[in-house]
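Shared between the two complexes below is chain A, which pairs with chain B and chain C, respectively.
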Partner chain A sequence: MTGLLAMFRRLEGPQTVGRGPAFWGLFALVLAAALAYPLFSDGYTVGNTVYFFVWVFIALSLCLIWGYGGSLSFGQTAFFGIAGYGYGIFTINFGSAYGFTLLALVMAVGIAALFAVLLGYFMFFGRIAGVFLGIVTLAVTLMLERFMAQTAGPEWRIGSARLNGFNGMSAMPPLTIPWPGEPIVLFADIGLYYLVLGLLVLVYLALRILMNSSFGNVIVAIRENPERAEMLGYDIRKYQLITFVIGAALAGLSGVLYTVWGQYITPSSMGMTAAALPLIWVAVGGRSDLTSTVIGTLVVLAAFQALTIYGSQYALVFMGVLLVLTVLIAPNGLVLGVMNWLGRIAARLTQRAG
Partner chain B sequence: MDIATHVFSALYQFGDAFAFLVLSACGLAVIFGMMGVINLAHGEFIMCGAYVTAATVHAGLPLPLGILAGTLVSALVGVVVELAVIRHLYDRPLDTIVATWGLSLIATQGTLIMVGSTMAGVGTPFGSFQVGDYSYSIYRIVLFCAALGVLAALYALFNWTRFGVLARATIQVPHMAAALGVDTRLIYSLTFACGAGLAGLAGGLYAPTMTLVPTMGATFIMEAFVTVVIGGADVFLGTAPAGGVLAVVKSVMTSWQGQLFGQIGLLVAVIIVVRVLPKGISGFVLRERT
Partner chain C sequence: MSLLELRKLNKHFGGLHVTNSVDLTLQAGEIHCLIGPNGAGKSTLFRLILGEHHPGSGDILFAGENITALKSFARIHRGLSVKFQVPGVFKGLSVRQNLEIALQSRHRGEELEAEIDRLLTFLGLESEQAQVAGNLSHGQKQWLEIGMAVSLKPRLLLLDEPTAGMSPEETYMTGEMVQRLNADGMTVLAIEHDMAFVRQVAHRVTVLHLGQVFAQGSIDEIVADERVAAIYLGQAHA
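Moving on to the complex of A and B:
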């Protein structure tokens, strides 16, 4: 009981922005709005919102590895793709009966995490850091894209699942929850919305607890100064590897949910552009905080979609400009800057009142 | 088919792979080695060189002049990029990666909008010759010679010219060089331009051999990164031997299992090498020397 209480106390702390009744009141308000939202909207719009939420997981994974851990991974899309394809291969082969899709989700995320253990071992225990880490992870994801793109022939099949080359894999069953009588099929509207929203809140809160725990403090210490953290007796390689694996699992979750959402996945989800987009959301949002990452991702995604409707080909140019400007002008992120500014104003107001 | 033709075939493939790796990597290696900046827009500088070369050749210039034009235009673009973006980020190496990635997005998509999804290519010059049962392109031999030429020229530039001496002084101890009157910002600009120009040269040289599309930079970028990661920060002690080693891996894997496995072989080689030699080949050689 006290252990549980201590855990909940970690929901706020030095590594995350937002504390006190004001923040959690706002959080509850936003959550209530998110819960009520499908009642006032149509299935298509809700499905589109699910699409936005799906990407938040990969953004959070990048926030964890890059923002908190200080090692820039360009390869989150590799785990995204692996888990997405993994889900497809499992469910196409074994179907969706007996809640197998949920098991497939877990297994696909597990495969992505295992791959991260392997890759991370070579990288962190080889002590590559900084720019090299970025390049190796980028090379891995580009390689995977090229590999999947050439699997068009009929000889590329795993069980009854064709990999289908550049056209991608499709028609995998949606998530299905076994239920006495009729199993509940979560199509990409209200059902999936509540599942993804629940997962999102869970992951967000869990990451807050993790980052404010001693583990999170060590991760931040490594980001600030790896040598110092090592002198203090921490085996930084292990900490970095664990962070990397958690991040990979989150990116994998994103990939599975994306596959479930659209019932399809293609090699280009691991390509150069796909790899750049999460980076833009996280950089613009503010990589060193979970809340700003979530807000930034949703805002930039919505803006990107709006732009795509009005001038599809210019949207990517705009994203590139946004990224360059953010790095030059607000290296800590636009949303985080605004949040800190609001926090200062709130502090001043309470000071004046008190 | 006797032994000699087999040997020639193997050598030819090695030379081809070596030229591709060295030419696509040297621009990146110069910028990284001198400034610690990884230029993710490297592929787009290559694309720029290839496009300018093709455009000038279509306009009636001979191919060598077209390649020269591609090199110069890329170098000029490099100066502009350095002044506008890179200059402000020297103390934040990770952010330079992110910013240059943004530039890469802008360049790829911008080219797609302005030039279209493809551009008419340039024919491969020189024709081919026959050894045994196979015919080989003479231009590939030219490319191999060009790679050796570029390495020699870089060696001469950094060892025998005043710019080379100043540049090496600037890398070693920047503020000391500045205190002795070296305009380090100018040196950085020129180095970046040099790297961008080398990328343009690679693009120009390979323009006759491939289809020109806005995303063509991506075909070079992985090989370039891999070579620089394995090579480490020094162009001569790193990039050249790394190019040699990787060319063996790539040509063997390619002739055994095809193009894709050549690339997978490269990637696996990289991951293993960084585990053993974290600072790359040049870091290993330099540590042995001191």
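Moving on to the complex of A and C:
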């Protein structure tokens, strides 16, 4: 009981922006709006919102590894792809009966995490850090993309699942919840929306608790000064590996949800552009804060989509400009900058009132 | 009883022989000062003791155990702790959080908060606790890092130039603090240039020169040694 209470207290802390009744009141309001929103919208728009939400998980994974942990990973899209393909291979082979799609989701995320254990062990216990970590993770991502792109031939199949090279895999069953009578199929509208929203809230709150715990303290300590952290007795390789694996699982969750959303996954989901975009969302939002990352990702994605109407090349140029502006104006992130500014105003107001 | 024993430690950086067959024994309970001109290899010797560098040959014994092959964090668990020459605080985190990170593995909950408060008072950093550590003065950073190192309750505390950037008063206070910790049973090995500090605290002094143990004795013996004056004090006065 006291343990549970202590855990909830960790929802607030030095590692996360936002505290007190004002913040949580706003949080409840936004959540209520998000819950009610499908009732006032059409299936297509709701489905599109799910698409936005799906990307937030990979953004959070990068926030964790890069923003909090200080290791710039280009490998998040690799875990995204591995889990996405994994889900496809499992469900195309074994179908969707008996709630197997839910098990497939967990297993696909697990495979991405397992892959991260191997890669992470090699990197962190080999003391690869800084720019070299970026190079290794990028190389792994691009290698996977190249590999999947050349699997067009009929010999590239796992069971009855064809990998299909550059065209990717499609027609895997959507998530299906077994139900007496009729199983509930979560197509990319209201059904999937509530599941993804629920997962998002859960992951966001869990990460807040994790980052404000003693584990989170060590993670940011390693970012600030790995040598000092080790000289306080922490086996920093272990902490870095665990963070990397959690991040990979989140990126994998993104990949599975993306796959069930569109019922397809292609090698380009691991390509150069795909690897760069999450970096931009997270950098623009504010990589060292969970809330800033969530808001930044959703805002940038919405802006990107709005611009794509005028041609996707312009949208990409806009992303580049946005990144440069962020680096120049608010290197810690635009959203985080605004939130800190609001926080200071709020503090001044309460001071005056009190 | 000897707490730390260095046996014929050799370390090369390329062609540079940075520590040359260094033998050094620290008795449990002593305050030992390591002096020597810049570049003598003092900081490197610390990094060897801590496992950040590995010696080409030689052994490091701590409390009778050969720790030469242990990883750094494992040596810390055995009872070593360090304040580096360049203050290694967590610059982007608050002073309070810096101490929390140092203390959290031995204290939890209310007890942890109380322990942080106690340490803040001890270091005279209460009013700075909410500040980001990067904003502290150089001397305050030194204090903070000493506090973090001390909070591990080590058996052997390594201090690399603890009073650099401090005023004479602050240096004296640091000396008193070291003596208090020593009175509570902590063995201390300090690299120091400030002779007033060495005179204040050292039970024994070792002079390192060109990577070799050049002289050893009480501070009076060292100061009286003309060879030492020639290589170290002479240079310092020049």
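Worth a mention:
Here is the rule we go by: the second predicted complex is superposed on the first by the 354 of 354 C-alpha atoms of A that agree within 3 Å, B and C clash if a C-alpha of one lies under 4 Å from a C-alpha of the other, contacts with A are read in each partner's own complex, and residues count from 1 in each chain.
FYI, contacts are C-beta pairs under 8 Å (C-beta built on N, C-alpha and C of every residue); 3 or more make two chains touch, one makes a residue touch a chain.
None of the values given here were measured: they were computed from a predicted structure.
Touch criterion met: A:V321 reaches chain B, while chain C stays clear of it. When the shared chain is aligned, chain B comes close enough to touch A:F132, but chain C does not. Judged by the touch definition given at the top, the superposed model places A:G95 against neither chain B nor chain C.
Judged by the touch definition given at the top, the superposed model places A:G20 against neither chain B nor chain C.
By the touch criterion defined above, A:G159 lies against neither chain B nor chain C after alignment on the C-alpha atoms of chain A. Measured by the number of chain A residues touched, the leading partner among chain B and chain C is B.
No residue of chain A is contacted both by chain B in one complex and by chain C in the other. Every residue of chain B that touches chain A in the complex is listed here, in rising order: 32, 36, 38, 85, 88-89, 92-95, 97-99, 101-106, 108-110, 112-113, 215, 218, 221-222, 225-226, 228-229, 260, 263-264, 267, 270-272, 274-276, 278.
The touching residues of chain A, when paired with chain B in their complex, are 72, 119, 122-123, 125-128, 130-132, 134-136, 138-140, 142-143, 146-147, 150, 271-273, 276, 279-280, 283, 313-314, 316-317, 319-324, 327-328, 331. Contact residues on chain C toward chain A in their complex (touch as defined above): 50, 52, 71-73, 76-77, 81-82, 84, 88-94, 97, 100-102, 104-105, 109, 145, 148-149, 152.
Looking at the complex, you find that chain A touches chain C at residues 6, 14, 214, 217-218, 220-221, 223-225, 227-236.
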